Amino acid sequence: MTDATRDEWMTVAAARMLRDRCVCFVGIGLPSAACNLARLTHAPDIVLIYESGTIGTKPDVLPLSIGDGELAETAAFVVPMPDVFAYYLQAGRVDVGFLGAAQIDRFGNLNSTVIGDYEAPSTRLPGAGGAPEIAAHARETFVMLKATPRSFVGQLDFRTTAGFGRGHGDRARSAAHGGGPRAVITDFGLLAPHATTDELQLTALFEGATIDEARKAVGWPLGIADEVTQVPAPTAHELDTLRALHARTRQAHAQPVVLPTP
Amino acid sequence: MQAMSLSDAIAAHVEDGASVALEGFTHLIPFAAGHELIRQRKRDLHLIRMTPDLIYDELIGMGCARKLTFSWGGNPGVGSLHRLRDAVEHQWPRRLELDEHSHAGMVAAFCAGAARLPFGVLRGYLDNDLDKANARIRRVECPFTGERLAAVPALNPDVTILHAQRADRAGNVALHGIVGAAREAAMAATKLIVTVEEIVDALPRAMNGIVLPHWVVTAVVQCPGGAYPSYAQGFYARDNAFYQRWDAIARDRETFLAWMQTHVLETADHAAFLASLDRQAA
Amino acid sequence: MQAMSLSDAIAAHVEDGASVALEGFTHLIPFAAGHELIRQRKRDLHLIRMTPDLIYDELIGMGCARKLTFSWGGNPGVGSLHRLRDAVEHQWPRRLELDEHSHAGMVAAFCAGAARLPFGVLRGYLDNDLDKANARIRRVECPFTGERLAAVPALNPDVTILHAQRADRAGNVALHGIVGAAREAAMAATKLIVTVEEIVDALPRAMNGIVLPHWVVTAVVQCPGGAYPSYAQGFYARDNAFYQRWDAIARDRETFLAWMQTHVLETADHAAFLASLDRQAA
Amino acid sequence: MTDATRDEWMTVAAARMLRDRCVCFVGIGLPSAACNLARLTHAPDIVLIYESGTIGTKPDVLPLSIGDGELAETAAFVVPMPDVFAYYLQAGRVDVGFLGAAQIDRFGNLNSTVIGDYEAPSTRLPGAGGAPEIAAHARETFVMLKATPRSFVGQLDFRTTAGFGRGHGDRARSAAHGGGPRAVITDFGLLAPHATTDELQLTALFEGATIDEARKAVGWPLGIADEVTQVPAPTAHELDTLRALHARTRQAHAQPVVLPTP
């Protein structure tokens, strides 16, 4: 039995979904860890793009922000942000996008804008950022999000980012060129859209997680795939690589920054 | 172009009620200039910025802003901007009007502004609620294919304020590293104020480098460390620990106001601001 | 990305009837690739290029083109492109359909193509006859101000061919100096072939340099001197004298055909083309 | 009496119209000579932009083409062409534009497209290039063009570039933001638009030129300004500077280019 945490399971599971040489639009947090874990294990030639404009970046430590200097220093090159969104993302030059959110619904639509009413929210969230157009244009997207009935909801408070809309081929009829969410990686395992209804259903579990746990964590009646597989445990090499990356990151971020002297 | 002090530049060029874009994406955020706006108690500003970041949290919390045009308002890698949230959720210290976009939409709006076109076009805002929340996200029909695309109104700030690595004595400004939409925000503005790490006789040779030419620049201010706690590639790193500390500082109104009093209102300029943090750290 | 010979790259990726953009503005014009199109007797090409220059004069005079999208068709600093004129004025060697723009319009069309938008917008084609001559110049109304602006359909060449200074072994291509609309033409294309002066282990460090990333590049061809008689900044200068000599070579059909026979059709590749001129000069 | 040629008179007259520090969109040929003469005499801080994207260029010799390497090497910086047309020209960041043409009419409209019918021209000219939008957006433009009844015509064969349209305030009613042609510099002297009709009229003559010569060279009944001035002769300093520039240029262009060796 592995000692991997659920965060580590999520990160490893996400990393494994990335093919070598694929072009990946990376978000901060778990997606950044997953993409760099893939790069440091089975996908050395993966191309990582952070929305700050760093193309082909190979950070030695994980960035705290999406625009840390480390990303620019280790990038093949850096482009202005209009280029990222027009010439790379909208132009269909990105294979994989990673998304997070505060809420997700059964069709993979996301909310990262408000809890409550838009005009008078109970919680104001950060907002869209790159997500709506990443979701529209990347060939496929992965959503990484821990599951609670407050995050996996029957009805979004606000739809920031379209997944499969109302399902049943809704997305294919929209102007979005990308394929939409291929998987949701959450802390009990993986969900994937049903082939015809587009509804997310449970397809795989992490070690120690159960279908019952999954059902309780999800705020809609969760569909279960015909076959629910067990995600193979993180290997020693995966875990060692990931933990070394996090250790390097902690060490780097613990270095005091010298205040610039006027 | 005019070389001047930061306080003179802000006093001369930023009026109450102006639309002001302090751009820079994570990198080269003009903190020093933002603090000077607060010291001079500017009011009713329409703040424009893709990623409001801490400096807009400060401006909003200090009551300088009536409106915010933005596309992502968080503390990067940390969490919420508590002052922004307080303004939206509880109208404290005043109501804040939101003009909310996605990054792709806002980038298109800056590009249109820089090109002095009235609108930008993107294949975006697809099948989501953003155009319901913001009436300034509309559609335009392609005259060739009939496809309906998203249209956003151009952003043309009254004043754009940037921080950059270098200017020469003529006022040409060179920046490198992550540039975000800084160049477009600069070219879109009526006035452009740039704080720089250093003013040099000649910019480093870079045939295809990113340069803002002197006749587009209204004022250049020498302001070393002017992007701190953000960073200036080649000069100093981002103070990630400060961004993490900000979460606790800004969470409560009182700790926020006390911190602003000590470190911004009671410091005469950016050098004094930095010194006040240095003393604290020591 | 695939490293291959020029003849293989042209044979594999350029089909008769294709739309082909050989871009480069005065600088980095892919002459070697153009000559290879002629050697392989490509036909019915839709040629796209802001400034057709001598290489398109050659392609048109050799009957490779059915259509030309362009914005300025002259011999820069010298005068006419006689083969282009002969095609338009006398349909020799065949009729040439024109899709004519201004520079600003064509740049907008390339930018739209690079962004995979169906049209580009500009405040242009004002009060002149260009939109009467070209039905593909239309108008679009701003959904905010009601202003009517010019719209041009996106340019998305089947193949864009560029010359650049360097590629690395992964196929990343770096260029510097005058770039014209080369980058947009590259990003707009379905396939991208790039001839380069040299293939190197690592591109020169340039954080904000102009790079075409390997996964956008279909084929890289090492082809030293591939831009001659145009130039490659840092490698060799523009042969202005050749541009002046071209006026006499291309003025008459017979001298043109004889020159093409000797220097292009009877040379096996670009090295032989250069050698043929060298012998002539000596 | 000066020994200046008519080309030199034109170049000197054009150079004198350029204020120091103005931002000037330069065309090849006489305009390029005039702009650089201004830079080398009374306007050292003039900003020269060539449409190839070279900003603030200070060539030591005149370029043959608008994109010679000399222009890039001596530029403050070089931008892609979309930037030139969108962020500089269309954005109103250019003070002065220089234009040439094959034909001009009495309202300063220009033809550089065809002689004869567009579909079946007797002479196919190079086409528009940057001219239509330079004319629309530069704060003011200067036209440099030698006068014959075939170039100064009553009716253009094709209007490539709008000047004052049909005159009488036509331009002010268009979407063009720039002010239009301020002067036409030709080989007998200068024309400028009438304050209310916008029609070009003779305002100044070079030494040795006469109103009668001007009238004969122009294909419409040429209006004459109330006061026709004499253009002061090129000074020795102007002529020396211009001739030295041309001599350097001839010498540079006579240098054989070494064929690149494969």
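Residue numbering begins at 1 within each chain, and the chains themselves are lettered A, B, C and D in the order written.
Here is the rule we use: a contact is a pair of C-beta atoms (placed from the backbone, for glycine too) under 8 Å apart; a residue touches a chain by one contact, two chains touch by 3 or more.
Each chain and its UniProt protein: A, D = CoA-transferase subunit beta.
Being a predicted model, the structure only gives us computed values, none of them experimental.
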Chains touching chain A (CoA-transferase subunit beta) and chain D (CoA-transferase subunit beta) alike, please list them.
-> B, C
Dist(centroid_CA(chain A (CoA-transferase subunit beta)), centroid_CA(chain B)) in Å evaluates to 27
For chain B paired with chain D (CoA-transferase subunit beta), centre-to-centre distance based on mean C-alpha positions, whole Å | 41
Spell out, as numbers or ranges, the residues of chain C touching 2 or more other chains.
-> 111, 116-117, 122-123, 147, 177, 179, 184, 206-210, 233
Going through chain A (CoA-transferase subunit beta) residue by residue, note those that touch at least 2 other chains and give them in order.
-> 72-73, 78, 86, 90
Which pairs of chains touch, using the document's own definition | A-B, A-C, B-C, B-D, C-D
Which of the residues in chain B come into contact with chain A (CoA-transferase subunit beta) in the complex?
-> 25-27, 50-51, 70-74, 76-78, 80-81, 84-85, 88-89, 100-104, 107-108, 110-111, 122-130, 133, 147-149, 177-181, 183-184, 210, 223-225, 228-229, 231-233, 235-244, 270-271, 274, 277-278, 281
Over in the complex, which chain A (CoA-transferase subunit beta) residues touch chain B? Could you list them?
-> 28-29, 51-54, 63-69, 71-73, 78, 80-82, 85-86, 89-90, 109, 113, 118, 121-124, 126-133, 136-137, 158-162, 165, 170-171, 174-177, 253, 256-262
The answer for chain A (CoA-transferase subunit beta) against chain C in the complex is residues 21, 23, 45, 47, 55-56, 72-73, 75-79, 86-87, 90-93
Chain B-touching residues of chain C, taken from the complex the two chains share = 116-119, 121-123, 136, 138-145, 147, 149, 151, 153, 176-177, 179, 206-210, 233
Once bound in the complex, which stretches of chain C touch chain A (CoA-transferase subunit beta)?
-> 111, 114-117, 170, 172, 184, 187, 203, 206-209, 211, 213, 215-216
